[in-house]
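Look for chain A in each of the two complexes below; its partner is chain B in the first and chain C in the second.
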Partner chain A sequence: MLFSIKTTVRTVLKSKLAWAGAVILIVIAVMAIAAPAFSPFDGYSHDTDSIFLKPMSKGHWFGTDEFGRDLFVRVWQGARISLAIGILAAIIQMVIGTLYGGMSGLFGGTVDEVMMRLADALYSIPDLILVVLITMAMGNSCFSVILALSVTGWTSTARVVRGQTLMLKEMDFVRAAKAFGAGRWYIMFKHILPNCRGQILVSLMLNVPSAVFAESTLSFLGLGIKPPDASWGTLVNEGFKYSNITYHPWVIFLPLFFIAITMISLNILGDEFKKALDSKH
Partner chain B sequence: MDTILRIKDFSLSFKGKKILDNINMSVSKGEILAVVGESGSGKSMLARSVLGLNSPDVFDIKGKIFFDDRDINSLPEKELTKIRGAKIGMVFQEPLSYLNPVIKMASQLTEPLNKHKKINKRKAAQLMEDFLRKLNINDPLQYMKSYPHQLSGGMAQRGVIAMNSSCEPELIIADEPTSSIDVIVQYSIIKLIKDLARLQGTSVIFITHDLQLAAKIADRVAVISKGRIVEEGDVQEVLKNPRTNETAQLLNACIAERAQETGVKRKALLEIRDLRMHFKSGNNINRALDGVSLTVYEGETLGILGESGCGKSTLSRIITRIQRPTSGKVLFEGTDIFSIKDYSKIVQMIFQDSITSMNPQMRIEDIVAEGIDILYGKSRQERTKDVIECLKRVGLDKSIKDRFPHQLSGGQRQRVGIARALITNPKILICDEPTSYLDTVSQKHMLDLFMKLKNEINLTYIFITHNIRILGNISDRIAVMHKGRIVEIGTRDEIVFNPVHPYTKMLIDASIKDEDYFAESLFQTDDSACNSCGCKYHALCKRAAEKCRQESPALISIEGEHFVACHLF
Partner chain C sequence: MLKRLASFLITMWLVVTLTFIFIRCLPGSPFNSDKMVHPQILSNLNTKYGLDKPFHEQYLRYMQNLVKGDLGISMIYKNRSVSSIIKRAFPVSLDLGIRAVLLAAFVGLLLGLISALFTNKAQDHIISAITMISVSLPGFVVGTLLQYLLCYRLSVLIYNITKVRFNIFPNTGWEGFRSTVVPTIALAAGVMGIVAKMLRSSLKDVMNQDYIVMSRAKGLNKREVVFRHALKNALLPLLSISGPLVSSIIMGSFVIENIFSIPGLGRYFVSSVQDKDYTMVLGLSVFSVFIVVLINTLTDILYAIVDPRVRIEPKDRLGA
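So, the complex of A and B:
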């Protein structure tokens, strides 16, 4: 039950797979932050003389799209948006899920039943429909996309935290605190949540890729980030709309590749953390 | 007599640290040898070495262990598997952790017969059923169909002992097989091992930390301390004339007579009136507490004696306001405890399992200071000062305050638990089985600490345990609980030396007397609930009369302060 960040990280670092995932993510993060600043192109200006250039031609490392915009810069600008949305949404999901699950578990009885059934109901509604409704109501900004994603994705965290809470509630150290007259909030924040740190972290790490994927799907369908701002999903959408897959495959496949590899790396890392946690129990 | 096991100059080290040092021991055919030592003395490692379970890649092994004139350590693994289970059997301490939880008992119990004697599964199951019936398991078919978690600890251990004996091994090693089990069931299991040994001519090595228990079952005893055998001999001789300090220490931790302090007019601190706690689950009502009334006087140590399931934990939770009773009242100095504001400062509790009673993420300083944090608001420095003082009072150095619970030993953790309870300067301390996870020597240290605190701060104790020896050592009065009721209450000498209620008598006999009282006991140990309106035990008690079936007995006085709830008086 003891969760120590140091030993968990050490265990995770023993796995080569985890190293691979971590390195890829670091590279992507660094490029997302730095690359657009160091490139001579800006990703917005149209250049009709340079449309649909192949990768590695005329200084365009990833080639250009239908408007002559440099894809290298656009991909990394897209990375900024996709990753930011993914991480923010995952964090908000974590906060909502933890509080909801913790309260449900702590109250127990009928309150717990009702709260869990509500969460189940929310879970059973197809995420896409909810997200579409919210973005339709609130417009296509980053903010509304993050909000929409957060509202639908917290249920898995809630379930995990509630399970841990139910178990921790019966521990003697919670009883000892009650014998001192501790109230519910004290017990939740001082005793229960600190002992869920591992599960919450893993949940967070695995929520990021789902959020990234959800956002990409949204944008791909045209419901998320709208051009000229672009997330990876939007780039795929544009590629789909404007380019021919046989003649200019790179316009579609480059952003797709980055979505895939980011998700794989995040999932691998999250899995390794999960394994490291489980192996200690 | 033939020697079947001979351990010669055996030493075991791990990374330079000596675990066993020059052990010389032998076991003859048909004898029961007890190996007694406190925790950490190396007794379990010795048992594992006999079975060849300590791999020479990890440990440094010197010396020889001869079983049937063959050196265990020189045998290849293949030969060893033929010996384990068939010639040497082993019974471990906690049945629920070494039995496979997803396999039914039938498969697990018949495994040795199947693998070693090549008896087919159906025939083996038949044999085991007959065996179980002989061991007083009432419904062997149901037993075989159950999973381990559906059985109680005692039942599971009986099955395991049957499994071990099924292949008629020459030697059975039992490593603390009864340490986590109640006294009465413990007694029946020891008797079982003893009978089997006599019947089949099996030798037994019985490992325990309890010298008195060893005396009940063994012929010879070897006392082991820090990896060495310090004393060996006939068990009665060693008990009467211990020759070494270590043996004397182990013996000391057992019960002794004490002069009773004369009764001074005392103030009633806590009054419990007709407390009831009912748990509903479907159609069944679990009456955890069924009308408990009790008074606790200032400065006394009240012992509550009872086996698991009698309601003592529920009682302690209600007294500390962790739980609300279904009906009944608890008064502190005349006022209902649920309406006193700072009650938590007055009554505190020490828990049984020191590991689960502390948040593993918190440092010792924060754990001990929790009372102050919740009930007062003190500054950082004052808080630390209070914590250091409390730690000193329980005999711990202040450097402990920066550590985490998992870095301390069991005895140290329990002391931290006591420090935590003392930080608000309570008047009453409830101890819920604080010593059951400690070995006898640590238990003695803990009890000494309790006595010291009692004298220093005039604490009132409510000491809950199933261990009569401990109550005999420190309590002034003892209340005996069974299935949610108090069946007898009186001074310590009255209860220990002159018990009156049939249940009390059985408890005392099972743990203190040497004679074979179990066969003649007035109670049958049965797990069935008995909820009818008469005396709860009329179906179990052999002396039950008609009146017992119809009327529930109240506590009536026999003599002075000695009360009992039974129609026979």
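So, the complex of A and C:
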């Protein structure tokens, strides 16, 4: 029952699939960080002489888009935005969900009932609609997208942590701490939350792909990150707007391809983490 | 039952209020445009749409109208009410949604069943790979890919072979059966994967239960056991997530409708967000959430009817 992150990671990495997913993600992350800096192009400046160049021509590895911008650089810049938003949003969701679920479970009774009803209500609202409304109200910056995703995505973590808290708080070591006069907050941070690590880690691993998913969908609909900044979703959206999929398929399919392999890798990893946790029980 | 009704009403109230506050906090106004507009005209417009009234009065009036089923009129298109748009667009979305739900349920259950029957054999691995991919990919990725392959490439292929220009699957629009095929598949893909995955794991759980082991031990063959005894119980967990699944179909249709230019709610939603058509966004959000929450509530009730254990169990449904 007690959980060590090290052994879980070890269990996860026994699976070849998880290895593949992790390697792909690391490569993408490294490219996202490093690639734009090593390219002679900057991804923003227009070059009317070289619009819609095919991949691998004139030093443009991924070709160029409707303004002659280098797609290699734009795709990796997009990776930065997509991944950063996904990871940050998932971390904030984790913090909110953990505190909310922990408090709800610890207080119990009416407080718990009300808090969980609220979380339930929020959960039943499709997050796309909420996120669109929030980004509409706050403008289409990275910040507002992260905020919107954080506000909507924490409920599943809260549920899991609450369930775990309800179980833990009846256990002897927590009762002992209580008998020694430990305060509620002390118990929560010293005894309960550390023992939810496994659940929290797994829900973090599951929240990252859903945040990336939501952000790319939003940007694809033209309601997320606004040009000239571009996440992968924005790149696909712009590709549809300005180019023809039959004549310039690479403009659309390159970002699409990276979204696809990233999502698959993230989901595989999340799945393996969940399996590793489940097998412990 | 009463509790569910209460939580349904609370959720709806929460949504309407939050949405209303959000929309009213938005920067800019729908009447802002590049053209210079006389201040008097602006203030007349504001009066017409009630935007000059204090916040709480607008809120009260909106709630009153909402209870009567009046969602207001569009701020961009004159004389076009939100309800009339819903009346026109919802049947299209509903049509697409029902097709997708049926397809996803049918194919998903079939795949889940096959992979549970052949656990750890080739069939199982292939199906697991397919479901993993279809669960992972966002709807717009699947939609774009299918549109490219089945609408563009296929007709190019047909042209190259027969020299006849013929689109089997038109790439946009919503007229006739042929135009519905690709959007339906694209919309169903994700949910299909989830259904298959769920059925596989719940069938596996059920197959390890004593009564199944017993019937196997007494000599019933596996197929018989699965169809007679296991399947019924394995379907229950699926029912419990069918609410969220339907809501993901509805949200997915927003994306698919935009890719395939289908005149459903999703198209209007996205375009009215871009137009800053406040009442339209508000109305369509409220309506979509209403549908989603309604379906969630109905499946909850249905679940309690089908599975008596849910009724007897302590109230702790959330803790799972």
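The definition used in the following text is that the second predicted complex is superposed on the first by the 281 of 281 C-alpha atoms of A that agree within 3 Å, B and C clash if a C-alpha of one lies under 4 Å from a C-alpha of the other, contacts with A are read in each partner's own complex, and residues count from 1 in each chain.
Everything below uses one rule, namely that a residue touches a chain if its C-beta (ideal position, glycine included) is under 8 Å from a C-beta of that chain, and two chains touch if they have at least 3 such contacts.
The structure presented is a predicted model; accordingly, all values stated were derived computationally and were not measured.
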Joint occupancy of chain A by chain B and chain C, clash or fit: fit
Computed vertex angle (chain A) for partners chain B and chain C, CA, steps of 10°: 90
First (chain B), second (chain C), both or neither touched by A:181: first
First, second, both or neither for A:191, with chain B first and chain C second: first
First, second, both or neither for A:171, with chain B first and chain C second: first
Superposed model, chain A: greater residue contact from chain B or chain C: C
Partner chain(s) touched by A:89 [first = chain B, second = chain C, both, neither]: neither
Which of chain B and chain C A:246 touches, first, second, both or neither: second
Partner chain in contact with A:221 - chain B first, chain C second, else both or neither: second
Minimum Cα separation, chain C to chain B, after superposition on A (Å): 5
Chain B partner contacts - residues on chain A that touch it in the complex: 1-3, 171-173, 175-182, 186, 190-191, 194-195, 197
Contact set on chain C toward chain A in their complex: 7, 10-11, 14-15, 18-19, 22-23, 25-27, 132-133, 135-141, 144-145, 147-148, 152, 156, 243, 247-248, 250-251, 254-255, 258, 269-270, 273-274, 276, 281, 285, 288-289, 292-293, 296, 316, 318-320
Partner chain A, residues of chain B touching it in the complex: 317, 320-322, 343-344, 347-349, 351-353, 356-362, 367, 370-371, 374-375, 404, 406, 420, 424
In the complex, chain A residues that touch chain C: 116-122, 124-130, 132-134, 136-137, 139, 159, 162-163, 166, 209, 213, 216-217, 220-223, 233, 236, 240, 245-246, 249, 252-253, 256, 259-260, 263-264, 266-268, 271
